[in-house]
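Two complexes, one shared chain (subunit A), two partners (subunit B, subunit C).
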Partner chain A sequence: MSATQGDVKSLQAQDAPDAPKSVKRAPPPETSQAIYTRFKVIAAFWAVIIFLGFPIWWKTTSIYRAHLPIQDMLEWANGKTCRPVFPLEIHLMTPTMQLPESQHLLRTTQHALDDLNEFAAHHLRLKLVNDSSALNVEQREKASGTDAEEADIALTVRVLSQDDLPAPRSYLHAETTQLDIFYPPNQAPIPSSSNPPLSVFIAQELQQLYWEEKATIAHVLSGETGNLDSISPQLAESISRRFRRSMKYADTYHLSFSLFTPGSAPSSWDIEAAVQEYLAPLLNEFASISNFTIDTQVQLYASFSPMAPSPVFEETEAAWTLQKEDLSAFINAAEWPLNPSIGSGPTLNFILYVPSPSQSPLVVKENHASSWIVPQWGGVFLLNPPLSSDSTNPSHLSKDSLRPAFMTFSHQLLTLLGTPTTPSSLPLRLQALVRVRAASLLLSASSTMGSLARLTESLPSIPIPATVASSVSDTLSHLSAACTHMKHGRFSAALANARIAEIEAERSFFEKSMVGQVYFPDEHKIAVYLPLLGPIGVPLIVGLMKELKRIVATLKARRANAA
Partner chain B sequence: MAIDQRKVAVFAGAFVLRLVLVFLFPSLPDLLTGRVEVSTPVNSFKRLQEGLFLYTRNVSPYDGGVFHQAPLLLPLFALLPDVTQYPLPTALFFFGVDLVNAYALSTISDSGQSVKSRLHSAMRKHIRWDGASVAAWFLFNPFTIATCLARSTSVFTTSGILFAVSNAVEGNSINAMLAIGFASYLSLYPALLFVPVLLLCYDFHAEKSKQSLNTTVFVLQHTAIFLGSLTGLLAISCLITGNFWEFMSATYGFHLLVPDLTPNVGLWWYFFIEMFDSFRAFFLGVFWLHLASYAGGLTFRLRRQPLFIVSSLLGVFAIFKPYPSISDASLYLALLPLYRHLFPLMRYTFFAISALLYSSLLGPAFYHLWIYAGSGNANFFYAITLVWSLGLSILLADFLFAGLRDEWEQDHPEAQGKEVKQV
Partner chain C sequence: MKMLLRFLQAFGLLLLASMATAEHTSNWAVLVSTSRFWFNYRHLANVLSLYRTVKRLGIPDSQIILMLPDDMACNPRNAFPGTVYSNADRAVDLYGDNIEVDYRGYEVTVENFIRLLTDRLDEDVPRSKRLGSDAGSNVLVYMTGHGGDQFLKFQDAEEIGAWDLADAFGQMWEKKRYHELLFMIDTCQANTMYTHFYSPNIIATGSSELDQSSYSHHADNDVGVAVIDRWTYYVLEFLETQVTSATSKLNLGDLFDSYDESKIHSQPGVRWDLFPGGEQEGRLRTVVDFFGNVQNVEVEDANATDPGSLKEDLAEIARLVEKWQKRDAEYSAILNSSQINKDQHSVHLAARKTVGPTRMVDGGSWSKRLVGVSVIGLCSAVWVAGLYLGRSVKA
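Entry: the complex of A and B
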């Protein structure tokens, strides 16, 4: 490269080779014109470097770092900005009592509740409702869902008097959020008594209802259940087991229903109708928590893996049985086309296995169960359809024959999504899930913000695109909205905000253009610049230095002459 | 008219040779068209056909992301019959372009500009080849023949450059400006030749005209003609394609940003494959500035021999431009015999020619090992392209040295023929 630069060249004549080499002759003096030409050449190269090279260097390697509210982000991560609280609003209806009695009951029950409660973040607030029609309550409940100002009604407690009862009794409606308390008329609260037994009973019932939820939330908030003394080890164990089995929260889950059979039948199933009838209502209930996409497949001639132990015929049961410990090898992961993930979200696999007629019926040996759950992956159901006369499987599975399978799948889905196992009312369990998810999303988005803040502080060389800054500000605004909603007991709205916050937080953290340079320390830049720019730069710089030296020498000489 | 007869013989011989090659080896043109050494993304005939197919069906030729050549080529080639059925007319057309290029070369040679310009007169004027020999050197160069048979569209850029120079040395400065505008329009990089070609024109007019020339007016006039020709060509292209920005980004944007890293004989592709993404933009700038910075330095240093600036810059382009092919090398090699009088001053011709031969024989072999046999990798071919560039660099440096030595001897006639040392 340097050879192409005619600028640093001048030629010196020497004698013919036969002349003695020791005689050194000074090179002929350069003409002023040659010196001027060389100056112009060097100037030309440096003009390109200075007027084009440096702007391009500046433009293409400058790192854009959008401003991030680091302090806010860290405060969210440390939990200083928002302490999640769960004030649950519970309506108390006392159609069979007078108003003073009701108010007294309310007061004493609230007292009892507060005495029982040891987890301050999660507390129940009772509220007396005067219009007593159950129908009205449901309408109000619907209305309050849309009304942003009102708190969600977590539960409606109806206190009814009933004759010939030895002691108060409770009944929880499975389909609605309603708890009926029946009490013998002689136990009606007397305004003078400070601690009526009915109040104590109601408080205990309520405490019972929300026991698991409290433990779960405490687990989410602190990472362990240790701070609640009264939680039994069994409950703590069951909660952490549920966490292990359930999927990580995702905005969208993909449900994959597969029919596997080792033979040629059944080759069709009424899957669309079955999903519509058995599963769609449940999924609709889940709509505020997660979205779902569904796909289905039928796989014929699906054989077991050669490694898996084959079922054993049990004479006493008249059934083929699978050992419990062999269930993990039941799914032939190598050959059955079960995609780990389709689309963006995680996939939940539900497998309906119809054994061949020669191995029917097939059950699990230890407990005769026909289904089991695969933690964080999905569920399996063994369907043993009635064999036809020539002992073959039916070629088509009707919607009705799929009913038991889908009941099981629904249950498995609830478990896999981390729904609490108590209380028995499904709406209450879903509400509890809403609160748990809102809390965990709030925490995870906050901690993502904290990680992002620490990352950008510790790596000053990574770029921060404007999209990240806007994502961060979206996250923070939705986080504070979620926090406010939570404080006022509007958990659905809180969850909706927390979901957006989580999505935006993930988007900002995993921004591609940012991550690409994370592992690119400044020292590496030398290795990038030097191999090419070094060889180009050395002759240019040497040329410049010589030229500057010459100019300085000329100036000095001129000054000396003048003096 | 003995010279004319020789010229006719050379031209006819070159034409017949190409015709014979096409008839003896009918698959040769298509084979050469697919070679990466000959066809780059910006001059490939295959890509031109793709653009032509889209163009004749009224689809934007740049839609497929395959075609990156100037839109004016499209109506030109749309006139020729379908090349898959009648390959001969297209082949004959390219033969014609080659002959025309050779004619331009012989004109440059006959003008004697290479040995004697306004400010410079070579010491060894007597050692020179005539136009017929220079044309023969160009026409029978295997690189030129391969480029011609492969129907590479860089021959049009070559025409533009050669005609710009030949018109400049004959004093048709307006035609020269139009031709350099045409070449720049086709391939962008010839725009860097504008100043040396302008110097050629200026020297011619300054020598001929009695009274002193007004430099500023002259420069402004010619710059205006150059820019006008470019604008006109761009306007016509805009009429053809309809979408100005699409065509600009698909052609000049493609030249500048080098998004297609198909291997070629140049130095860019491998470098940008390996480059970290975040530094890509910066090094694009570095590479382009490196290419462009020679124009200024060489122009100042070799002011007395404008044609020599053009030749040296073409050598620089053949090595350092983003999508070089052997056609660029063949153009540089075609200009060398104009300086036959410098050959005695060159010191490393053997080494340079060996390196060029070595790489042109091993290049296809290593490419085969890498792409087809799978027993080599990209480094094999890249190593060979380095050798190729090294050979060209040595030739260029040696040639520059010889030119400078010649200039120096003119200033110091007493030292002619003596040993010299660079200090």
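Entry: the complex of A and C
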């Protein structure tokens, strides 16, 4: 700054010649025309700087930050906006009872259920349905599925009387969501009794049916640390083990089926038919939870990795065996072309290994199992096809010979996707999975919202494009839709909404343009601006100051004249 | 009564369970060299040695992100083409037949590194180039290169500041992208790089204090340059001689105690305060918690009958398959009778369409040309007009 002032002084010295020293004639005074032109030039420069340069600089260096509903996002993350509840609607059918009797049974059973339940978020609601025309459960499922206003029917309980029974017993239909309760006619509920044994029995059965699901949901809701008080240790352990080995939720999973063999045969397999027949039904059941893409490959001459211990022949078993500890080294990750990295979803690898004829049959030593799961990665199945007469592997694997392998893969898929293990009816297990997934997606999308909100506040220099704001508002609206659906017991709809919310939340957090070096030290800023602004700035500022001085001087002179 | 017993039993176990520490479910390693050019051979050798070690201890290639800014093996100055050695005895070829470099050459930039950590990548970036860690993953981040006070130079062109690194880890923690993180850095003034970290569950260690250089260990006279840095050399010596298997029980305390300042010629540092439980708890983490991989393969017992076991599931899946087959048969029966194509309604997975090559069609080419012509026309019109006006003024 001082240098600038010095410059100004020296310039002034030239302008105003020192009269006594110099005898030379002073230069002719500037014409007012010239002064005016100079004023216009300086004004033009400054006009460009102020009206063009400055706005451009401002525009190009400012960081666009779309407005985000920070408070809402944080409230979702803290669980203040939505407390997930799971009211399961259970239909009670009592074809062999009178209406008052069945109403009494319903009341007392509901009472017993509420007494047994200690996890308030997950409760069962009984509803009496004695519509004899709608006995077919599946048809009614479909009918209610189309109606958006009604809750999903979690289970249908049919209470039937049966002669010569000592005590009530239950039978769970494995392929539908139906539970039959048979009771001896002498135990039919009497309207006077407040706590009939039949009600208690039904309540206990239902409680047991949903026991694992309750524990799982409690685990999801409370995170890793807390848990429901009354879960048996084995159950708690099995649930946390399930969480450890199952895949993180994804909208699309990529299934990769690979046939590996160390020799030249088998070189083909009936994979399309096998997938269609053994796997498609399961994938169809899963359609509401995730999408799947499938690819397959056959790899011949696939050798074990040199580090892996080779199988050992066991005389007593007449079989080649692998140690359990060595199984983790079984897959030759370096050379087998796995994990094809296609698409966006995670890949689940299923490996069908056909050992060479010289090492057939190949089994796991400890329990003669032929399959194992690699947590969060996939599964392996050892297929030992019958050798042909000249002791070679068959060159083609037919659909039927693939059946055990693909059934096992289906089981491994169920396990890897985190399906609960009880009750022993697949539709019920999948329903439970829908609820668990809906809950976990709701929580994860909410927590992503919280993360994004905190990130926005803690990093003031990160840009936030408009797409993020729209994704956030999409997420929040779908979250609240999911929450409402859940409250009314419509879990499939809740899951559908939670899926969209999760996708949008991920998209908003992982927005590509929200990166860049966030922090610039001041030295960097000076280093960037000084070479540019120094040479331009000095003459501009000097010119401006000179001009201002002249204007002030003329103003003063004018005032003096006026006085 | 049964319930009460269950209560008591569960309560006891919960007390036990809460004392046990939560474990991780997967391991990831991010190994970064940040310098180019032949005379920085040792930095690539550092990273490749560590790569070899983590692979030996069980982390698969799909869970290792290796960033190499230059290709020493194929450098024309390399007297041993196709190889990289980290020791003058040249016993182990680090390049081998089996290495997977995820980011190479000019892909190794500050931006890509931060994008990798925070996963802010394009949708079409393959999974091998992504850090797919989650809330259960232990992540090892190793960096080496030329650095200074609170920065690390990338490729002679740019640098990453300690603030950016701290923010990247902060974002990872926000999005639950790690369970525990071990940060290792071998560069001059390395310990300044982790001073700004603020997210929990990080253990950080570096090779040298502020204003200290990190030195190379030794040179190979035939290769012609230094082949490894001191701190990395002694860390590797510990890992290779002591941690011999993936089941090793040695812990991080042992690793950090093995630092010998007289050998390393600088003062290595460790930062514990971000780790819950501080130094006491952090020292107990085993080395293979970060350098190895959890591999709990679950063998399926074909004879077990507990719920969710193979046998139970197989029965259920078989029922499901039967059900669909029956449904298929019913549908086709109905449809056959009404003479409609029976394939229409049966269960079928959509076959993926194979995408063939397509011609690139430049749609807006004519409109673009039109715009170009009009711009040129306008400019020349202005010029001609100026010419005429100037002439008329002169006249």
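Just so we're on the same page, the second predicted complex is superposed on the first by the 452 of 563 C-alpha atoms of A that agree within 3 Å, B and C clash if a C-alpha of one lies under 4 Å from a C-alpha of the other, contacts with A are read in each partner's own complex, and residues count from 1 in each chain.
What we mean here is this: a residue touches a chain if its C-beta (ideal position, glycine included) is under 8 Å from a C-beta of that chain, and two chains touch if they have at least 3 such contacts.
Because the structure is a prediction, the values reported are computed rather than measured.
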Next on the checklist: Quick one: is A:A557 in contact with subunit B, with subunit C, with both, or with neither? Answer first, second, both or neither.
Outcome noted: neither
Checklist entry - Of subunit B and subunit C, which one touches more of subunit A's residues? => result C
Item to check | First, second, both or neither for A:T37, with subunit B first and subunit C second | outcome: first
Next on the checklist: Looking at A:N284 after the superposition, I want to know if it touches subunit B, subunit C, both of them or none. Which is it: first, second, both, neither?
Outcome noted: second
Checklist entry - So, does A:V312 touch the first partner subunit B, the second partner subunit C, both, or neither? => result neither
Next on the checklist: Quick one: is A:M514 in contact with subunit B, with subunit C, with both, or with neither? Answer first, second, both or neither.
Outcome noted: second
Checklist entry - In the superposed arrangement, which partner chain does A:T61 touch: subunit B (first), subunit C (second), both, or neither? => result first
Checklist entry - Between subunit B (first) and subunit C (second), which, if any, makes contact with A:L52: first, second, both or neither? => result first
Checklist outcome for this item: subunit B and subunit C footprints on subunit A meet at residues 516-517
Next on the checklist: Touching residues of subunit C toward subunit A in the complex: what are they?
Outcome noted: 3, 6-7, 9-11, 13-14, 17-18, 22, 25-26, 58, 60-62, 98, 110-111, 114-115, 118-123, 126-128, 132, 134, 136, 160-161, 163-164, 167, 170-171, 174-176, 295-303, 306-310, 312-321, 323-325, 347-349, 352
Next on the checklist: Quick check: in the complex, which residue numbers of subunit A touch subunit C?
Outcome noted: 174-175, 224-225, 227, 229-233, 236, 238, 244-245, 248, 275-278, 280-285, 293-295, 324, 327-328, 333-335, 339, 341, 344, 346-347, 364, 366-376, 407-408, 410-412, 414-415, 419-426, 447-448, 451, 454-455, 458-459, 509-512, 514-519, 521
Checklist entry - Where on subunit B is subunit A touching in the complex? => result 271, 276-279, 281-286, 289-290, 292-294, 296-303, 312, 316, 393, 396-397, 400-401, 404-405, 408, 411-412, 415, 418-423
Next on the checklist: Show me the residue ranges of subunit A that touch subunit B in the complex, using the header's touch definition.
Outcome noted: 1, 3-7, 9-17, 27-28, 31, 37-38, 40-41, 44-45, 47-49, 52-53, 56-57, 59-61, 516-517, 520, 528, 532-533, 536
